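Common to both upcoming complexes is subunit A, partnered first by subunit B, then by subunit C.
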Partner chain A sequence: MSIAVERTRTAGSSGGGAADVLRRFVRSDRFARAASYVFLLLLWWLASVYEDRFPAPLETFQFLWVEVTGGSHGGVVRGEFLEHFASTLPRFGLGIAISMVLGIAVGVVIGGSKWAEALFKDTLLVLLALPAIIWAFLTQMWFGLGDDAVVITTFLSAFPFVAVNVVQGIQAIPRELRRMSRAFHVPRYKRLRHMQVPAVTGYIFAGFRFAVIVGWNAVLLSEWFSSSEGVGWRSRYWYDANRYRGFLAWVILFIGFIVLLDRLVLVRLQRRAFRWRDAQASAIEREAEEIDIGVKGA
Partner chain B sequence: MATLTVDHLEKTFPAIERGSVPTTAIDDLTFTVEGHVFVSVVGPSGCGKSTLLNILSGIETSSSGSATVSEGTRPARLGYVFQDPRLLPWRTVMQNMLYVIDESGAQARTRAERYLEMVGLDGAGDKFPAQLSGGMQQRVGIARAFAVEPDLLLMDEPFSHLDAITARSLREQLQDIWTQTRKTVLFVTHDVAEAVQLSDRIIVLAPGGKLYADVEVDLPRPRKVSDTDVATMQAELLGRFETMQAETAAAKTASIAN
Partner chain C sequence: MAQTTTTTAGHGPRGTAHLSLAARRRIRGVAGLLIGAGGFLLLWTILSRFVFGEFILPPPLEIGREMWEIVESGAFATNFWATIERLLYGFGLALAIGFPVGYLMGTSRWWRAFFHDMVMVAGSIPGITYAVLALVLFGISILGPVVSVALVSMPYIAINVAEGLDSVDRKLVTMSDAFGRQRSAVVRHVLIPTIMPFAFAGVRLSIALAWKVEQLTEVFGSSSGIGFQIRREFEDFSIPGTLAWVFLFILFMLLVERFILVRLERYLFRWRIEDQA
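== the complex of A and B ==
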């Protein structure tokens, strides 16, 4: 079996030469991803050609460069990239942290009891449906300018996504495992730590991802209205000053931030949390290899 | 020493749909088990064997009568081996053992290791369940149940999902462990041969959960399936089992004819 497969593989690669290499390159994931970026840039550039008020890619990136490294925009201001991220990130982090802790706690309670579910489920749905801008306005009225309004908007927007996901996760725990725990009289905290939390890890991750995206959205929106520093405020500053390329430069900065966060942090955490599942996959692979070796040996 | 008392126990499941009749799983069942004996409950499928274990372990409640396990004055500790391993897939074998042991720290670890060694899985503590074969997972399940050092050990057809060869070697291993530890065991199965090989006493249930026979098995241990005595007893009990099935079939036909 394996010999036949190898033969077709060699035949395929030796026949094509350069054309074959090119074809394989075009079909690769990396090429597809790069192509999508190029395509978006092209659309952007076309839009700027036909519409004067839409800043072109090049001038936007130049502006962005000055914001990041320092210098001046025709004598206006120095680069303030770090300063604004430094005031936004703690607010964002705190808001997300609170929504994770409370979201998991509330999710476990609702998921574990029919009564609690009846009591809270509709409230949760209403919270899910409320757009971040409502919270941004309300907290601005309640707390005025400053950190409180921003942190609380972030928390209120992200929290229901965490809670709803955790509820689903708790309800998806296999009945067999719950019965096993009951038969052995496993204490509550042990069930929480070793059965419920690991079982919902996947759901917590889904919730965390939503929380990060929704929360980032909310933090920027709230800073737009309730702050005099931070990433959201800075984009508003350029918007109010009629400097659209500055506004757009900050949009790129906060999109870039969320993409990096997702790729660098979330993916790694996820890999660690799912070691048990990967162990299963690699065990199956090993078995398959053994079978393969067996066939070759025979 | 644990005492298991089942007293006029009844369990009826209510009708699920309108028009269907409630089903009786256990019907006026009475027996007692005292001391460190291995008792099997044998019966055709649907005779309420698993229901009996679930009532004993507190997962289900009885309709009337009682089933109690007592160990002097303190509440009795129960161990449970299920048909499937029921391990936490996201925890290692060792962590699965520690999950049910009510001690903590080094003591718990030593205990877990001792019972893993008894089922021949010392050194597998750091593996995840998915990295083990079905038979090995079931052995972890057995080690886990013994590790809580139960006053009463409940086993629900623990070998029925395994292939014949694995099942046979696990049966012998179970015999060894039991001889070493001497627990009170209630072992549910539909396999008469298995029951004869393992038990001191066999309780036969008829369909509908009625007590049909209560048989002493007084054969020397360790027993092998190939022992003449074991084989004779198996054949004899299988004969009674078939008679029972014929009787119930006849009764059913009679009730339809009436």
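== the complex of A and C ==
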């Protein structure tokens, strides 16, 4: 197999010289990653050649710089970046907080009782599958423009992901442990404290991570349709003004935000919380697990 | 499921009076579904009548009538077919790219490092990015939703194929080599059967996300499909219309999930005996 081929090839390249150093560098992981970014930029540039309306990388980054620093606008629009993130983040945080509290509560109820599961599991799966755009539309019609619609859209989109993960966590508690605790009449709060909470913690972290990722999309969408400030609104502003490089600059900002948050904080939390479970897993198994955004429950 | 139920019930000492665990679970499932649905409709009626008012939350009957009109007028069939068609093209494209990428990732370190960041980041990119960029790039055309679906699904298929390759029994491959099996035979009888369940898992995972992104793409840049219809109703400020399409969408999605995908899974993996119990 080519795995073996690869290994012998790298092991066999022992002839010295600059050419060899170069070869080793080209074959290194770091070079591969750098190459992938160059490849993406190239794709982006090709897209801008293919379609005139699509902005090229350079002009987009120039625009991005102006949005962040104020640039040559002489400080008139200085702080656009901060201002809009400052109005989006509280809404986002509130929506996530509500979905965590309710999601854990609902998850514990559904996971704890067979009847509750039979009654509500399907509703939960439907909620899981509903696109955030539907909530964005409905909440705009229900609550009008403003914070309410945005917070509620974020909450409604993120909540089922938390609940489903908590249900999974509770159901992952070994059956023997549950039966034994019942047989020995362990009090409810003790069962909660010593059995359910420790088992569920990892799943709550995972649910939190998915809620953040899904909620970020929801908050942007809802701001796009029912707000007059915030990151989502600002992207729409440039989009409606036909200044696609402005739109793309904000796309980079909001993707950058969530990717950094996810890779630097959330994935690490999740990995830590699941250490006990995934110790045996290979790197690629772990990665497959990580990009699976909570849809496993379905 | 059904087979085990009848056999255990028939052989049990107390006959059919004592229901097996599986049968009980099934009864609980059906009852739960019925009671759940009934309770949901009741709650909805109460909320619409007494809490929010019928303008904000139209009663179930009105939505039902609206849904029936949509189905009867044929709008349902055309729009759903439009959506499904794009979804299929998108998945086709995703499989066509995802398999080779997954193969590269599963067999070569360099390529794995190359695709690593793209695959890991793809899941956290907000769907709105795909929707609007597709609109800017392709205008209002079928290409937008198709490319979006493909881009969203591809990483899942790729990483699952790579995971599948990772789990290939090395000894089996070595033995095949030792006994002089041809490479094509190894691919046909060892690699593909191992990878298939993983690839299918990738498809199933990505369907959930692909649906959503496709809806969104249709909302932004399409002239047919469910997403487009939902947007049209939204722009008419018609709550019953929006809800009617949403519920049709839910029904349809459940149908696809429960019947088509489950059947397909059963058919593809009919050789795995342990799964039939």
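Here, the second predicted complex is superposed on the first by the 219 of 298 C-alpha atoms of A that agree within 3 Å, B and C clash if a C-alpha of one lies under 4 Å from a C-alpha of the other, contacts with A are read in each partner's own complex, and residues count from 1 in each chain.
Everything that follows uses one rule, which is that a contact is a pair of C-beta atoms (placed from the backbone, for glycine too) under 8 Å apart; a residue touches a chain by one contact, two chains touch by 3 or more.
Note that the structure is predicted; figures quoted are calculated from it, not measured.
Engineer: Kindly classify A:S113 by the partners it touches after superposition: subunit B alone (first), subunit C alone (second), both, or neither?
Structural biologist: neither
Engineer: Considering only the touch criterion stated at the top, classify A:T69 as touching first (subunit B), second (subunit C), both, or neither.
Structural biologist: Touch partners of A:T69: none, neither subunit B nor subunit C.
Engineer: For A:I133, select first, second, both or neither according to whether it touches subunit B, subunit C, the two together, or no partner.
Structural biologist: So A:I133 only meets subunit C here.
Engineer: Counting residues of subunit A touched by each partner, does subunit B or subunit C come out ahead?
Structural biologist: Per-residue touch count on subunit A favours C.
Engineer: Who does A:F54 touch here: subunit B (first), subunit C (second), both, or neither?
Structural biologist: Touch partner of A:F54: subunit C, not subunit B.
Engineer: Which residues, counting only subunit A, touch subunit C once they are in their complex?
Structural biologist: It is residues 1-3, 6, 27, 29-30, 32-33, 35-37, 39-40, 47, 50-51, 53-54, 114-115, 117-123, 126, 128-134, 137-138, 140-142, 213, 216-217, 220-221, 224, 232, 235, 239, 244, 247-248, 251, 254-255, 258-259, 262-263, 282, 284-285, 287-288, 290-293, 295-296, 298 of subunit A that touch subunit C.
Engineer: Within their complex, state which residues of subunit B touch subunit A.
Structural biologist: So the residues of subunit B touching subunit A come out as 57-59, 78-80, 82, 84, 86, 88-91, 95, 99-100, 102, 127-128, 130-131, 148, 154.
Engineer: Name, in rising order, each residue of subunit C that touches subunit A in their complex.
Structural biologist: 28-29, 31-33, 35-36, 39-40, 52, 56, 105-129, 132-133, 136-138, 155-156, 159-160, 162-163, 166, 170, 173, 205, 208-209, 211-212, 215-216, 219, 227, 230-231, 234, 237, 239, 242-243, 246, 250, 253-254, 257
Engineer: Provide the residue numbers of subunit A that touch subunit B in the complex, in ascending order.
Structural biologist: 176-177, 179-187, 190, 194-195, 198-199, 201, 275-277, 279-280, 283
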